[in-house]
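Each of the next two complexes has subunit A plus one other chain: subunit B in the first, subunit C in the second.
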Partner chain A sequence: MSWAASITRPLARVWFVCLPCVSLVSCGSNTPKIPPELLAGGGCDSPNYPNGPFGTEEGDTLADACFQGFRNPAKVSHSSSSLETIAFADYYDPSGSKGYQLILINTAAVWCSACRSEHEGLPQKNQEYGPRGLRILSTLFQDAHRDPATLSDLSTWVKVYSSDYAMVLDPDYQLGAFASAETAPLNLIVDARTMKIEKKLLGDQATVIWPFIDASLAQP
Partner chain B sequence: MLGIVGTAPKLSALEPVDVFGAPVAFDITNTSTLSYNVDNRDTRPNQVATHANDDWGLFYNRLNVLANGGAWQAGLRLDNAWFFSSPNPTQIALDLWASRPITEGAAPAPVYFRQKVQEAGVELSNRYINWLYPAKYYFTYASPSLELGLGDVYVAFGRGLVLSLRKMDELASDTTLRGARVTARARADQISLRATAVAGSLNPLRIDPASGRYLGVDSSVTPGFVKLTEAGMPRAVASDFVPDTGDCKTFGTCSYAPDRIFGAQAELSHKSAKLAVQGSRLLRSTPLANDIVRSADRITTGSASFELADLGGHGGAYLEVALQDLQHADRSTPKLDLGQAVYLSVNALFGPLSLLFEGKHYRRFFPLLANVSPLRAREFSMLAASAPPTTEALFIDTAFEGFNTCVSGGRLRADLALSRIVSVYAWAGYYESFAESLANEACRVGKDTRNRVVDTAVGSELRSRDRRSKADISFGSRVDDSDRALPTDNGETQVFYREIYMRHQGTWALGGPFALELQGWHRRRHQTLGGPGVPWSEGDELIGFDYAPHWSVALGFSYDTNPAVPPTYVNGQLGYRLSSDSSLSLFVGQRRGALRCVGGVCRVFPPFEGAALDLTLRF
Partner chain C sequence: MASFGCGSESNPTSSPSTQPMLCEAPGYHVEAQAVVIEQVRATIRLPSGELAARLPVQVCGINNCFVDDTDDNGKLNVTPGAALVLPALKYGDGFDFAELAVPLGTEAKQDLGELVALPLPALSEGAKFPKSGALTSGDLTLHLDSKGSFEHDILTYSDDQLVFRSVPVPLADSPQALPARFGFELAYGVAPLGTTFCPTAKLSLKNTSDWAPGTRVEVFVQGLDVSEKWAPYGSWLSVAEARVSNDGSSIDTTSGGIPILSSIALRRK
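Right, the complex of A and B next:
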């Protein structure tokens, strides 16, 4: 037996004996204490919205969420005085009285190249599919340094991309349960009559998104 | 090129054992990693994922056992991950709340807290979970005319356009086909024929030790034969945040549905000429993502290739032409035209000068992306069963988005040996991609979709006369312009990407058992869409000192002026070689997060801070 083997083999025995010890280290738990102010209620308080259970997968009902933003950036000044509260509930149209059939909920970040290329084409799509019952709601959640997006970022964004659909700020990244921020953009296609998620896509998937929307809007 | 998992070059570590009257040699290798990740400084406000990768510890063990009985071999790789420490979703939400910046448009605190607990719960539902599973197992039989493989096999047909399943140590990737492979050979005079057939399900490594994430399957995506190949593999598990819906498509921790792959190749050789045809068919069960490739239920790819390995002693040439068809069961997904790919490689030798030209022309030609949910397991999102050649330098990581799926271009490299110790090289590449600055799966070719890329480099290699010392230094640039004007915050531009860089690598024998190693890559980059919005610099430098035959020590330093990440990283590494096959190494410090690519196959490595102890023992 070489001197190296004489070291290696006893070391291996010690190593295998020690393996179970490592797993024992993992035992134990610690439950963090939650301050009472975080356990209060609160939410969008939209009276007319489908009941849960809510979820984040295709086929699930989308939980309501509220944002501050511009409902139509093309028609207002891009200052804080023009900000209004916009909720998913605003697009809920069970009877079809608002003329909404589908909602495209999209996330965007200033650092995200796919988000930028996607928004280049959104105004044209909004013009094309808006009259047929599509509503677009895009949430801007981070700036170029991956810090929370600000009103200044939102104002610049809607100007650069001539956004004529709802653009809101989401500095908290409320849609985080649907997809991690680094996988942006997220696209959710939601049935406005039921608020059920019809399609959930990552990335700029124009080849898939728009034929699906076109086919869905063609259905009665 | 075909291979079998874990084939060891020599089998002399353990004495042969008599099994049914025949000698069988066993080779056992065990690699263990004990690591602890502290706060890796990537924390961003309101972002769960940047907290979920802090303060966790892992013991990761890989046991390889190989039995060799001459004509047959059998092997097993058993992987074991024990997470002895992991983050808590409530604590993550509390930490985020405590450091939450005051911003316009923010949600009320209780709403924020509930959302972040839920988000952290979902994020952690398939991370930091203990598993013990048979990562690879195989049995092979080989004779001059027949090779048979059962279990995990590697497959690469042609240059990877049709099928490419192999191990890439640089990316810690090891993807195989779990099933069967048969190769038959026949020879008459100077003509030889080889036929290969493979069938099985795709089997990537299921645990990513860099993130603690695993790939889980459930019974809805493991029907029939796949139930057998997935026996003992990690399963999707329900948690307080992720209910078991019984359907992988909606089960939040079900992140993988194994693809079934069938392939065949026939190869006819005469002297240095080789003609081959190869094809593969990928069949998906439930598609777990909606992009155009992963949502395809069936992908058929076929190619014909011709190789002249020797052009009269002056080089060689290789040509491969491929077609690809994507079929979608979902009627709303548009039917794409047939994908096409042409790849050409010619190398020529003229004394001290050697030239290599590689060209490509791809239209709607996609890598066979594995059926992984990028939403639930983003770390595995680049897993693929094929790797169309890029024709670029191996390390290039700046072919953005769908660059290689709709592209034409090529690269010419020249190497000139000036003397026995000095050689110089240079390359120039030109590419036109139509799927880089915008999504263009249909590969619509025109000025409104085109990016023009010029990639150049020059370098020099020096070697000492005794070959014990060497140095390689190169300088390169990449100029990537879009034909259409790109809207930015500061107006329109056609500049899509710019980079200049310097790479170097060297080893100096210092006399006796001592040697010095130095390697680095320093880059100045500018990315118009995405990125930090301003040009930035980044780089890595590693200096190592070897004291043969046992000790090595290295110090690493990295920097990054991108404001979104920490500016500096420092680390130290200490190694001790117990024998030629056994070693112990310790890494302590910080490592920059980065996208690493090898020949167009890329993987995102998250930033690491902490300590890692590796022990490899071969018996």
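Right, the complex of A and C next:
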């Protein structure tokens, strides 16, 4: 059990926001103010989500988190009117009724050329593995200057990379509990039936990620 | 950045054409072993000798990036503690400073010594991109094909930052990024980084070294993009041949050209 495992769910949001003060994003005095509409207001209200304890390491249960973004950027305009609240809980599928087996949660930043390179290939992977039960959710957390990502950044990102998977803003870097804001990308592979973290990988480790996903989806 | 290949219809900065020219990125990726990089240290100064405080730096492999800033004394101390494929230190941000890459090799802990960050000209001094024709900043002039197109990195740069800027790189101050074994004699940092040209842009530059008329020259670009679509990451790629003009005033490409805006170096053949 990780050091964070004793945290209960109602506290998870506070914990996610305030713990990563190692980053320059969450608590830095020079951080630009984040427009409230880009924060997932109202918190997560997903009563059927697994109970804690939650953690950040492999084998731990992922705490729920909510974001503003585009669930399928390929099907909507990339304006504020298309933003919707997207939660990890949306992909929780204990009975398999939604057809979700695995979730790939990925962080990205405009300054991060490795993230950008990774996203060039994600639409093809989504086409390949989506029908088999994979859902991809990527969180854009910083711009080219390491300031919090904005709707303009998100809109340009999904246009440039033809993103056809959930792409959301994480301007207050809720995923900072998993990796500092000074490194990217982070990839989490989560079991949609339990919301347990199956793999946690720093960097674009394609030779690990995709064989693991392929093998996992092959299991009943 | 791969999606910025020529011929895309997604970018409004592409010049209009009834039949868009297609330029496929050659791609330079080769499989390489990851190496664990624990720590990278260096001191960065400005050309004046002043320490470069709070300058952004990155230690990136093609699989993972780590960002940091120099401290108030111009010192950088990046501690990835991670396995990186083709690790390189990138210094200069491509906005205020020319960006250069220093390949890191296989040592876990590396001290790169002193580096010099080169300020780019102010945005107000930059040249706006015409749909075709000549584009000059400092010693460098790019010639954009009348039937061609170009695409900017619109994720990184805002519209007002999409102006051509160049600055000479003193070779003696940058041996880490411009190793002596290449025999480079001239080098330039440019912005906006990542702009791709289809077909490649012709290059002319002032013959500041007074090379003899007719001298044959090789032109290189440095790969700063980990996608390695247009140049190998961290390394230098020969992209064009050039020749000193008959009147000795300029060096002009004679074959090939600049496929992507990235740091440029030249040597005599």
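As a convention for this text, the second predicted complex is superposed on the first by the 177 of 220 C-alpha atoms of A that agree within 3 Å, B and C clash if a C-alpha of one lies under 4 Å from a C-alpha of the other, contacts with A are read in each partner's own complex, and residues count from 1 in each chain.
Simple rule for what comes next: a contact is a pair of C-beta atoms (placed from the backbone, for glycine too) under 8 Å apart; a residue touches a chain by one contact, two chains touch by 3 or more.
If you're wondering where the values come from, they're calculated on a predicted model, not measured in any experiment.
Undergrad: A:114 in the overlay: touching subunit B, subunit C, both, or neither? Say first, second, both or neither.
TA: It touches subunit B and subunit C both.
Undergrad: Based on the superposed arrangement, let me know which partner A:66 touches: subunit B (first), subunit C (second), both, or neither?
TA: first
Undergrad: Given the touch rule stated above, what does A:151 touch, subunit B (first), subunit C (second), both, or neither?
TA: It touches subunit B, and subunit C stays clear.
Undergrad: Once the structures are superposed on A, label A:160 by its partner contacts, choosing first (subunit B), second (subunit C), both or neither.
TA: The answer is both, since A:160 touches subunit B and subunit C.
Undergrad: Once chain A of both complexes is superposed, is A:184 in touch with subunit B (first), subunit C (second), both, or neither?
TA: It touches subunit C, and subunit B stays clear.
Undergrad: For the three-chain arrangement built by superposition, which of subunit B and subunit C touches the greater number of subunit A residues?
TA: B
Undergrad: After superposition on the shared chain, which partner residues are touched by A:74: those of subunit B (first), subunit C (second), both, or neither?
TA: Touch status of A:74: no partner.
Undergrad: So in the superposed three-chain picture, is A:212 touching just subunit B, just subunit C, both, or none of them (first/second/both/neither)?
TA: first
Undergrad: State which residues of subunit A lie in both footprints, the one left by subunit B and the one left by subunit C.
TA: Common interface on subunit A, subunit B vs subunit C: 110-114, 116-117, 120, 144-146, 156, 160-161, 182-183, 202-206.
Undergrad: Okay, in this complex, where on subunit A does subunit C touch?
TA: Against subunit C, the touching part of subunit A is residues 110-117, 120, 144-146, 153, 156-157, 159-162, 182-185, 202-206.
Undergrad: Along subunit C, where are the residues that touch subunit A in the complex?
TA: Residues 1-4, 10, 56, 58, 60-68, 80, 82-84, 95, 154-157, 225-227 of subunit C touch subunit A in their complex.
Undergrad: Mind listing the subunit A positions that touch subunit B in their complex?
TA: Result: residues 2, 4-5, 7-9, 11-12, 15, 19, 22-23, 25-26, 30-32, 34, 37-43, 55-60, 65-69, 80, 83, 110-114, 116-118, 120-121, 142, 144-148, 150-151, 156, 160-161, 168-174, 176-183, 199-208, 211-212, 214-216 of subunit A touch subunit B.
Undergrad: Any idea which subunit B residues touch subunit A in the complex?
TA: Residues of subunit B touching subunit A: 30, 32, 34, 44-49, 59, 61, 82-85, 88, 90-91, 94, 97, 100-101, 103-113, 115-116, 118-119, 122-123, 130, 245, 249-250, 252, 289-292, 295, 331-334, 336, 374-375, 378, 400-401, 437-439, 441-442, 487-489, 527, 529-533, 563-564, 578-579, 582, 615, 617-619.
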